[in-house]
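Presented sequentially are two complexes of chain A, the first with chain B as partner and the second with chain C.
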Partner chain A sequence: MALQLFKIADSTVESPVATVTFSSIPQGYTDLKLFISARGDAGAISRSVYVTFNGSSTSYADIYLQGDGSAASSGSNSGGGTKIYAGECTASTATSNTFGNQEMYIPNYTGSNNKSAATDAVAETNATTQYMSLVAGLWSNTAAITSITLVPSTGSFVAGSTFTLYGVL
Partner chain B sequence: MAAKTGTYTLISSSTLTTTTATVTFSSIPSTYTDLVLVANPLSTNNRDVILRFNSDTGTNYSITFLSGYGGGTPAFSSGRTTSQGFMYADYYAASNTTQNIRQINIMDYANTTTYKTALIRSSNANAYPSGGVETLVGLWRSTAAINTVAVSLSADSFLSGSVFKLYGIEAAK
Partner chain C sequence: MAIRSLKSGTFSRSGMVGNPVIMPGSYESIATASPSGSTSFTFSSIPSTYSHLQIRYMGVSSYPLISSNLGTGTKSHSLYGYGSGSAAYAWDPLAGGMYVAIDGSSGNVSSGIIDIFDYANTSKNKTFMALHGRETNTSDSSIHFASGFWNSTSAITSITITNNVAGSVAFGTGTSFALYGVN
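Entry: the complex of A and B
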């Protein structure tokens, strides 16, 4: 059996949007992969990207390991969180035309266990500070994932940002 | 016609229905370029996930890791273990009743001239000290082609519901 990534849906931002949602996600795959190329319009070098599932705003946790070009740090949002951190995308003061990259892997998204997600993220720019992140995310909910929503911490995703959701078989 | 791009082929998968100490993928074909092991283990206690290749229990494994724990002291660290009898697929991270994620890439596994390396990503969002996010590189000092991959815990057994999938990456044709 050949394993393929099947594109479930994609979204290319044509004018700034505050939220991107993949809904009615088919339940026939084993895992999900989400690829993001995004830039925010907020007045900063970067903006955090957050993910929620099934419209829920409860029971999220995450642990991250992050480098900013001069130092490393690690932090967490343990339990009771309203969303999963998914690293940083570039924002309006970052080098023009640069977009962050995020890859999120969500195994067993239809299973009856709590849902985990692993994210690798980079937001390169020609400046002193920018971020790369590894993130472990958890949604303590046994429901099958049927929708995924992405938001920047403030502002909107700019035109040219792309979001692609794949199903893994 | 464009050349066929590399694809993943599911070699074998296992979803445990009973408590199991070791999950073994054996008779792995040598026809792929690389292997990818995806594991979502469950266990009662906080344990490290460990790997062995070709049933080798000798002290031929080493790793270098970069880990973030989210809290506690230290909040993050990097280190090495050498001459181990197994390859860690995490370090100071845990398996418990929430499935966490191991993504393990084993490069050029079938060659018979070089030692074998693996890149490992471990994600466990449970609260400190049981969770963490990690990236590791592992080395197995053997030139043998890998034909068996065994996955265990540092103690105890995997619980029912744990999922393990081994993929082969086909070369572009």
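Entry: the complex of A and C
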């Protein structure tokens, strides 16, 4: 059967916002998929993006593999246990009008297991230094996911940033 | 035929017995290509009506490059591992074009996904993100995560994939690419 994606909700930032939340997520899909094309207003070439579920700020973990244009590195627990790292979006010193690409997959979001999330993210810009990340995240909580909140590490998401949540069958 | 409620997840019987249930999805096939024997191919006349584009592929390729109606790109980056998988590397490999993958062998089947978000948004420069893997059960296996940058806010209306930087090696037998629009 072909991949079936159904748009649940989308959000386009019209003026800078510090958080984006998808709430009242329907419980009838198998998995969730989140597409993010975002840019932050902080004074850097990129900014970390973090995700929390159901308003919770506990029991998160993550591990990542990252490239910066010249070297690869890895790390863990970037979210400090209070959120999941979801890679980098571009920020104010990146090339103008350029937004990051982030794609998060959340399988079995209604199941009674702990919840995992896999993220591919690139903050492509017209410069040698750029951050690209592959991230595995875990929320050690068996509750069904009913809301997703995204925040940049500092500052806000700028106008034109888009966030689209899909249900997968 | 049973209908599954997207809100509650419960199943119920259709009130229209015998009629197929059509659920409007957000993921639609735009075009496919089977370029075996060719060194490149183009998805042209891409409609601007979707939010995002995604290309899914499998087959035999060697250093495939992506270009578009916006040109060959001005910057690309790569994060990859190969061989025993004991180390990872990153670099900015733009030389002759933007690599979808840095895939050193033309003899093994690989697969991957290329995303182009907001491809028709004329307020954004265009970028892509691609994840590619090739497992051969030998030290020639690899995984590549790539991205690239077109310094233009124009909409993407065509995409060309060229099999290698020299353009002299054809895609192998069984290679297929599928372009999808995501609403």
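By our rule, the second predicted complex is superposed on the first by the 163 of 169 C-alpha atoms of A that agree within 3 Å, B and C clash if a C-alpha of one lies under 4 Å from a C-alpha of the other, contacts with A are read in each partner's own complex, and residues count from 1 in each chain.
The rule is simple: a residue touches a chain if its C-beta (ideal position, glycine included) is under 8 Å from a C-beta of that chain, and two chains touch if they have at least 3 such contacts.
Here the structure is a predicted model, which is why all the values come from computation and not from measurement.
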Are chain B and chain C a fit on chain A, or do they clash, once the structures share the same frame? clash
After lining up the shared chain so the two structures overlap, which partner does A:105 touch, if you call chain B first and chain C second: first, second, both or neither? first
May I ask you to decide whether A:162 touches chain B, chain C, both, or neither, giving the answer as first, second, both or neither? second
Between chain B and chain C, which makes contact with more of the residues in chain A? C
Which partner does A:92 contact after superposing on A: first (chain B), second (chain C), both, neither? neither
With the two complexes superposed on chain A, say which partner A:31 touches: chain B (first), chain C (second), both, or neither. first
Regarding the shared-chain residue A:63, is it in contact with chain B (first), chain C (second), both, or neither? first
Using the touch definition from the top, say if A:72 reaches chain B (first), chain C (second), both or neither. both
After superposition on the shared chain, which partner residues are touched by A:140: those of chain B (first), chain C (second), both, or neither? first
Could you tell me if A:114 is touching chain B, chain C, both of them or neither one (first, second, both, neither)? first
State the stretch of chain C that overlaps chain B in the combined model; pick it from 78-86, 96-104 or 114-122. 78-86
Overlap of chain B and chain C contacts on chain A, residues 2-4, 65-66, 72, 74, 120, 134
Chain C-facing residues of chain A, complex: 2-7, 10, 26-29, 35-37, 65-72, 74, 95-99, 101, 103, 110, 120-122, 124-128, 130, 132, 134, 160, 162, 164, 166-167, 169
For chain C, which residues count as touching chain A in their complex? 4-10, 23-27, 29, 51-52, 74-75, 77-79, 87-92, 115, 117-118, 121, 123-125, 127-129, 131, 145, 147-149, 151, 153, 182-183
Taking the complex as given, what residues does chain B use to touch chain A? 7-10, 38, 40, 42, 66-71, 75-76, 98-101, 103, 121-128, 131-135, 161, 163, 165, 167
Interface residues, chain A side, partner chain B - complex: 1-4, 30-31, 61-66, 72-76, 78-79, 84, 105, 107-108, 111, 113-114, 116-118, 120, 134-138, 140
